[in-house]
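For reference, chains read A, B, C and D in written order, and residue numbers begin at 1 within each chain.
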Amino acid sequence: MRELKSKYDILKQQIYIIIYGSNTFAGRLFDLILLGVILLSVLLVMLESVEQLDAKYHSFIIISEWIITIFFTIEYFLRIISNKKPLNYIFSFYGIVDFISILPMYLSFIIPGSRMLSVIRALRLLRLFGILNLVHFTGQESQLKLAIKASRTKIIVFVYFVLIVSILLGAIMYVVEGKESGFTSIPVSIYWCIVTLTTVGYGDIAPVTTLGQIIASCIMIMGYGIIAVPTGIVTAEFASAKKNQINNSKKRICPSCTSIVYNEESKFCHLCGQKLSND
Amino acid sequence: MRELKSKYDILKQQIYIIIYGSNTFAGRLFDLILLGVILLSVLLVMLESVEQLDAKYHSFIIISEWIITIFFTIEYFLRIISNKKPLNYIFSFYGIVDFISILPMYLSFIIPGSRMLSVIRALRLLRLFGILNLVHFTGQESQLKLAIKASRTKIIVFVYFVLIVSILLGAIMYVVEGKESGFTSIPVSIYWCIVTLTTVGYGDIAPVTTLGQIIASCIMIMGYGIIAVPTGIVTAEFASAKKNQINNSKKRICPSCTSIVYNEESKFCHLCGQKLSND
Amino acid sequence: MRELKSKYDILKQQIYIIIYGSNTFAGRLFDLILLGVILLSVLLVMLESVEQLDAKYHSFIIISEWIITIFFTIEYFLRIISNKKPLNYIFSFYGIVDFISILPMYLSFIIPGSRMLSVIRALRLLRLFGILNLVHFTGQESQLKLAIKASRTKIIVFVYFVLIVSILLGAIMYVVEGKESGFTSIPVSIYWCIVTLTTVGYGDIAPVTTLGQIIASCIMIMGYGIIAVPTGIVTAEFASAKKNQINNSKKRICPSCTSIVYNEESKFCHLCGQKLSND
Amino acid sequence: MRELKSKYDILKQQIYIIIYGSNTFAGRLFDLILLGVILLSVLLVMLESVEQLDAKYHSFIIISEWIITIFFTIEYFLRIISNKKPLNYIFSFYGIVDFISILPMYLSFIIPGSRMLSVIRALRLLRLFGILNLVHFTGQESQLKLAIKASRTKIIVFVYFVLIVSILLGAIMYVVEGKESGFTSIPVSIYWCIVTLTTVGYGDIAPVTTLGQIIASCIMIMGYGIIAVPTGIVTAEFASAKKNQINNSKKRICPSCTSIVYNEESKFCHLCGQKLSND
């Protein structure tokens, strides 16, 4: 009995290494297969929405989706079983995503059409970062994340400001252009204003009157200057983060004249000639 | 009688703390309610402009707007009464915005349709910055404001230059494309040119002739390079402002002459020659 | 006779001061009036192209344009006469612009319709820079000009590269989409490709086939990264120009330890404590 | 016989100098003519695709293309013959491009219509960089290339992230907007989402429902912030590369140990402690 328990523990550990780890060959292979299956499942949901394809291959797509869902369900339970702290996994970001990924298919028995929601599986593709050891690009201390974090408040203040400007300009354009030009209501005008300020410019709604075109020109030129602000904020943060990273990784202090030595190759202080230790 | 005066003064002060302050619970609550009401009033004006909604809920919207307007009117007078220097408030930015916010509703008796102008209330949403203590983002000395201020003249010169280019290119496109392609007059062509240079590109007017498309391609590629200029200006100012901020945080004060030492490697004060400690 | 000569010389000098200078009251007034007239003349050409306005006010516009042209002609000859080196003026940038500005009206006797070309007068608006003493923004040594100059070659290389990419992608889209979707020829496809890469996106031509939309998506995401390159180049130059400007205006060398002193307020060397002179 | 061999060798060397070199007059002339012919050939392929032109000048275009192809073929063989290591050339980037450039014309005997592929000749235009000695802009160690290389991984991570976001938002818009608004399938919705996020905005597909327009507005404002990220990355790399370049130009070499001294304030070599002179 105890031997069985022990065997089961070993099995659990082996499964853990394969599923969660990516250092062993089996673990790496599992990761790659998983990624392939996720990609396939996202593709299947996408193709199902194309009418001609769905008409032709409906049963094939449905069967494939069920196979994948069962595969994901097994994987989900294996992840819970093999983990020593299953609750940590269940309530982690990936745990929730994994759960939501398999839910829609089972829900489709009760609520027809909810199968479409399984496109949320696309979020599972973020696992690639873990597989490719790209964690240092997205991890807590990464330059990218730090720069985005540092500029977040400024960006929110900026977006709030843009929204207020959009409401005012939207209302003005509604009054100026009127319902004939497509500015049927203030919310639609605000939508148009955001489309213009962000330089997207669909053209589904466009000013027709001369005054409207003059105001629109001003909005566009404003948008020109405005687009520079978030870029400026993010760039300054990136440059600053980059500099800190470089400086911090290198700097030592000379024991004799207490000046700072930035060059990591230095063996002597550049100001007083004192010999430096290299640790 | 004097007691009454004193009681009135205390009431005035209490109102002042609630309306202007945001440190007490009551003041904070008032701010949040005010913000909610402002949001609601902006939403109401927006929804009123949607025909279907207006047809259904016309009287409800009108009554709500009047209730809000009366609430704003009372708030406006309380702000004036409770303030020790009421003129300062009346002619401040927020004072004028508050006044203009309540005006359109009363004017709607005389000029029908002017009620639409009450969308200017959206400007009152800027109060959020005060409430969230985000003043350091928008205050006099903020990094954001300094960077925008420093780049203002350059941006204006740039916009002036872009306008001259737009006039010339607009006229050329008017001659090249002619009235059939939608380039009905030089002002319309200039409008098209600004739409193109700012990369908005509605497509309501688009070149049809080969020569027109070649010129348009050149304008677009020019716009590519041109959009880099304001971004470059603002970013350089941001980076510079950020650096100043960092330098300021590194600064020490000389114990002898109390002047500021920015250089972290300095061993002697640059103004009085006093030896500096390095901690 | 000699007195007459002398009087004429004095007149010439006075005219020179009024026309070319902007330090005296008369000179400043002349500059402002000239700018106003230029603006008016550009507006007139623009309004003439609007059919409704031209139909109504045709003779008024024509007469105004002739008055302005005669005014410009007189100004042009006064500039030549009053200048000591008239050829320098005639072949300078502004001299050529001034000449071309008056030409189209006189040419309209010979070639009808050439009057439209007088929109080139918009270039005369560049004089504003001189009037507002903004020369340091556009002058030889300005930060703006240096940054643009330094990044010019890189921008040209970049644009050349973008053009080659556009030709290739345009040809691919022509083959993929075919004539039904609006990709009627390779040049048109190249035009579409530039419209897309620069994120203008008129939508007059848009891919319809699935493969075409996939390729278009790739082009757009590429354009996303590509637009960052000119911005990056210009910004780096701006930041560098800004830094040089700051550093150069401040740096001195300590006579005792020969280290560089950047702080312009320093009275003592920050490294050896040597007293510094302040010139 | 041996003399003939020797004469042939001299001829080979002369051809090599003309074709590959650009220091002699003949070599420079050949380069310019080649560039002109390449431009001409690209133009011809482009013009052939324009129906009206093709109808009029079909035989002229065909004959010209054959002449150019034969010229390119001769050039290709001369490049192989005159080169001492022909295989190096054949499998180099330019060797492959040169081969592919002549292939489509000969293939057009077997596969009709493949002639269109000869637009790939546009890649040969990259030779201009070599001719204008712009290699330092595109060469291995260029600032441009280093900055792009350093930011490559971050850009890829960023694009991958954008794609996942596009899939999710595309699926949401498909559910919200439905088939009537043009969002006919999830892939089409994803295409729309990329069009919007990159601020291209064709307008061939645009949201019609209120909820769809609200979501679209959020996507656009997101795109606003998102476009700042690649710009920020590339700019920071450019600024960093530029700084390195400047630092390199300030570097001195220690006369004792020949190591590089970057710090311009250094008085002692940081590696061997040798005293440094400051000129």
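Just a few scattered comments:
The definition used in the following text is that a residue touches a chain if its C-beta (ideal position, glycine included) is under 8 Å from a C-beta of that chain, and two chains touch if they have at least 3 such contacts.
Since the model is a prediction, treat every value here as computed from it, not as a measurement.
Taking shared numbers over all numbers used, the subunit A to subunit D interface scores under half, which places it in the different class. Taking the CA centroid of subunit D as reference, the farthest chain centroid is that of B. If each chain is reduced to the centroid of its CA atoms, subunit A and subunit D end up 29 Å from each other. Put simply, the C-alpha centre of subunit A and that of subunit C have 41 angstrom between them.
Annotation for subunit A: residues 187, 190, 199-203, 227, 231, 233, 235, 237, 239, 259, 271 touch two or more other chains.
Interface of subunit C with subunit D (complex): residues 153-154, 157, 160, 164, 167-168, 171, 174-175, 184-187, 190, 196, 199-203, 206, 210, 213-214, 216-217, 220-221, 223-225, 227-229, 231-233, 235-237, 239-240, 257-260.
Put simply, subunit B touches subunit A in their complex at residues 42, 45-47, 49-51, 116-117, 119-120, 122-123, 125-126, 128-129, 134, 137-138, 144, 147-148, 155, 159, 162-163, 187-188, 190-191, 194-195, 198-204, 227, 230-231, 233-235, 237-239, 241-243, 246, 264-265, 267, 278. By the touch rule above, subunit B contacts subunit D in their complex via residues 199-203, 231, 235, 239.
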